[in-house]
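Below are the structure tokens for one structure; questions will follow.
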């Protein structure tokens, strides 16, 4: 494998962290948020220390430098996602991106009884905005079930649900199961019935290159903080012709062409959806993150993570009492491993793992309908990223065996 | 004066900046955004380098530390603004805060023909959301004019406009004129007719302490980046009983109590309005900014800025061809000085000032209705903050005299 | 002589915890105590009103006075950690007067060496539970 | 011998700018050129279509071919900086063939020492204006 994991680890200051109890941090909560390389942290400090200024309408040097950095970040990020700067709308994250589709496209293009198809596997961010739209605009929300044996989307049920659909919203990769959905087929099938497609790539983007233009998707929602970038920023990618169908969502400065007491005309394109002072430092940080990521072949990154997840899940299945929800060793899996022990309650297990220095997430993972489908209230979830190592997962399994023997 | 400006300046790395043309930066664009002290920049780097993690549902040490930092920032910020943590809703800035009032309160509480009173002095952020609400919900938007001789709000016209008002939205301090509006009287008069009051304190908060609870305002909108904090965060302060009248705006994770395929129940209080991964680093940075600010008596800060603005505006009036819009030497003024030279176009003047190292803003300042009232398309604006000095304004006046003689 | 900071019946328990070799042993002991709740609250009785807020796991507490006017705390949680802490709290407060409960301080958790092993939010969960018990006692005074 | 990078009539102007003592003197000269636009575009003719985008100030350009098929650029701006740059550009392109305009490079601004004094966004405004002229020429070929 070409990835030099030790060199990669050296880029992340936090990976050297020793916890208050003296244990070395082992960070397996990557599906919640990734860690940040030094270059990302420094890019933001550098902005604040050298050229912080409000951007746009630049008529002094600092404002000009800030604007240039902001725009070059947009160019870099959009190009990383295989599209142009005009197709990228900055948001505070994937959640706001999906809300932007609901308010900025749904409100203007959907009518009573129009059908939105979503799945049982969605994150709450891709469920609640549609339920709200059904309250305010009378649209119908259909949930496609998952097959609880294979932990994959029931594609037959999906086909049935598509009947009459105007919008299909599907998670690229499940944050709970690690399942990577067949989004290529989903986009094709949805377009065949004339439905627009929104892909929630909050988990997908950190694990594979998203090539927006060639994907054919109408909307893609992404968060920076899960892919080495800072909190507080994300984006919605939108096809050019679909963007033309959208109307204003949040309004105020910048997104306007002319404001009078009589009324207001708006900017066109992505500018219509970005109002207020831009998230300047955040955009610069995310741009640096994307530049950092671009040095790697994401297929190699995926293979590395997949190796860790396969090894770990095989070992987990060997520990009596442990059940895995999903198929983390599947070649497309993101490597998120949701599991439960039948004798140690999930919060207790989380605490015991934390005592060993292992950061795993525990709870419903903002996916209660999926939890309901799985018949559990919560899972423990270990999720890996580019900087995790075989040593770490070995130590994890060893420690977990010890815990299970001692506490179950 | 008790403020040690040189010591204060030492906290801001950017103030040492030398521009590409060799000139020392003189930053007079504070109304657009303030600079950040080192402790704010470091607080965010420290978060990313030591304990970055997604917050809430904390079941490992890092998540717990991040959550504690996030919540302590909320406590610190809300207490700085004279209210409790439950009355603060984080937003991406003042613009989103005002949109939150429109979507989260207006949509649920206003009906066709209900009256919203705003002023000609508002920033676009406090105009366009109301014009949008008038399109979607048929409310009437009334603009209170300014007196173009005194550059203050026409309070008689305000009283007339109040008739039948349900909501009054007024800027605390104008970003163009520097005028500090009589918000105490405005709140009293509005409440007397049963109207709720939103104060846009984006410019007010950096210049005086906002004591939300005792102010009586129903909503106050604030941006972090104008008061020593980072970009990407701000807040809406809301009275407890008014918050109870609000309904969901953006939806997704965290703000829910229970999500099922049948429907969703929401959290109560501020939690209902905060969805998605929090702006963790930003909140921590803003918390540090507020802690930094809290060491000063804002009345002294105001006096310092007011001194600079009074001196500068008096000198400006002495330069032939220069006209000032507003009364920057008024004791309540924020010190923003909007001016124009009748022989040097504003963009040209901006460029020439930039050549001298002076960062001033030039344009319509997102206040086109005010520009229309003033009868100009744009102004040059110099705005000061805590770290500006008499030396700087003296150099500014000297340079400006030179420019005017040479280019007018 | 300093005043007692916790009821006598906790002395032995606290010693037991203090004697633990490490955090792991303490957790083990706590899990054992979780099995010995003297006054359990069955899951069927769990509702929103008796829920302890600010806990990751489900924790529920119902307080009352017995026929002799003595405090009685019944409690249940799905996590052993919480259940263990509630067991020890129940051992402490059951049989007290309401006034004694109100005057009790949650320092026994520190003495057990637990506050150091608990992350702030878990410590906080414990304090929320403790506060719920004290508020109930306050209302019974 | 290198090919000419700009039309002859700019030689003298470029020298004049290059001889300037400092940025201030260059701006002064540019402001003077702003007064000498050979082919002005009156404000009454400014509209959205002839607007140069990406400029802070209002800048407008209309291009055509004269009776001899020679390129003619008329331009107007409210800022002297922009007007000055447009004047020099007009001096360069007026009278050229469309092909010559398309082949022209905006390097004369560098030779004048202006690109160094212009911030990126002002340089960008200049390039947008230049591009608008070239696109017009392209369409006339």
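A, B, C and D are the chain letters, set down in written order, and residue numbers restart from 1 in every chain.
The definition used in the following text is that a residue touches a chain if its C-beta (ideal position, glycine included) is under 8 Å from a C-beta of that chain, and two chains touch if they have at least 3 such contacts.
None of these values were measured; they are calculated from a predicted model.
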| item | value |
| --- | --- |
| Higher-contact pair (C-beta pairs counted), B-D versus A-D | B-D |
| Cα-centroid distance, chain B relative to chain D, in whole angstrom | 40 |
| Approximate Å spacing (C-alpha centroids) for the pair chain A, chain B | 31 |
| Between chain C and chain D, centroid-to-centroid distance (C-alpha), Å | 81 |
| Euclidean distance of C-alpha centroids - chain A vs chain D, Å | 47 |
| For chain B, residues that touch 2 or more chains besides their own | 21, 57, 59-61, 347, 350-351, 354, 362-363 |
| Residue numbers of chain C (touch at least two other chains) | 56, 119, 122 |
| Category of the chain touch graph - line, ring, star, complete, other | other |
| Chain pairs in mutual contact under the definition given at the outset | A-B, A-C, A-D, B-C, B-D |
| In the complex with chain D, residue positions of chain B that touch it | 21, 344-345, 347-348, 350-352, 354-355, 362-363, 406-407 |
| Chain D contact footprint on chain A (complex, rising order) | 57-61, 64-65, 67-68 |
| Complex interface listing, chain D residues touching chain B | 23-24, 27-28, 31, 56-57, 78-82, 117, 119, 122 |
| Residues of chain B that touch chain A when the two form their complex | 13-14, 17, 19-21, 25, 27, 29, 32-33, 35-36, 38, 40-41, 44-45, 48-54, 57, 59-63, 92-96, 98-99, 120, 123-129, 131-132, 143, 223, 225, 230-233, 248, 250-256, 258-261, 263-264, 275-282, 347, 350-351, 353-354, 358-363, 366, 368-369, 372 |
| Touching residues (chain side chain C, partner chain B) in the complex | 56, 119-122 |
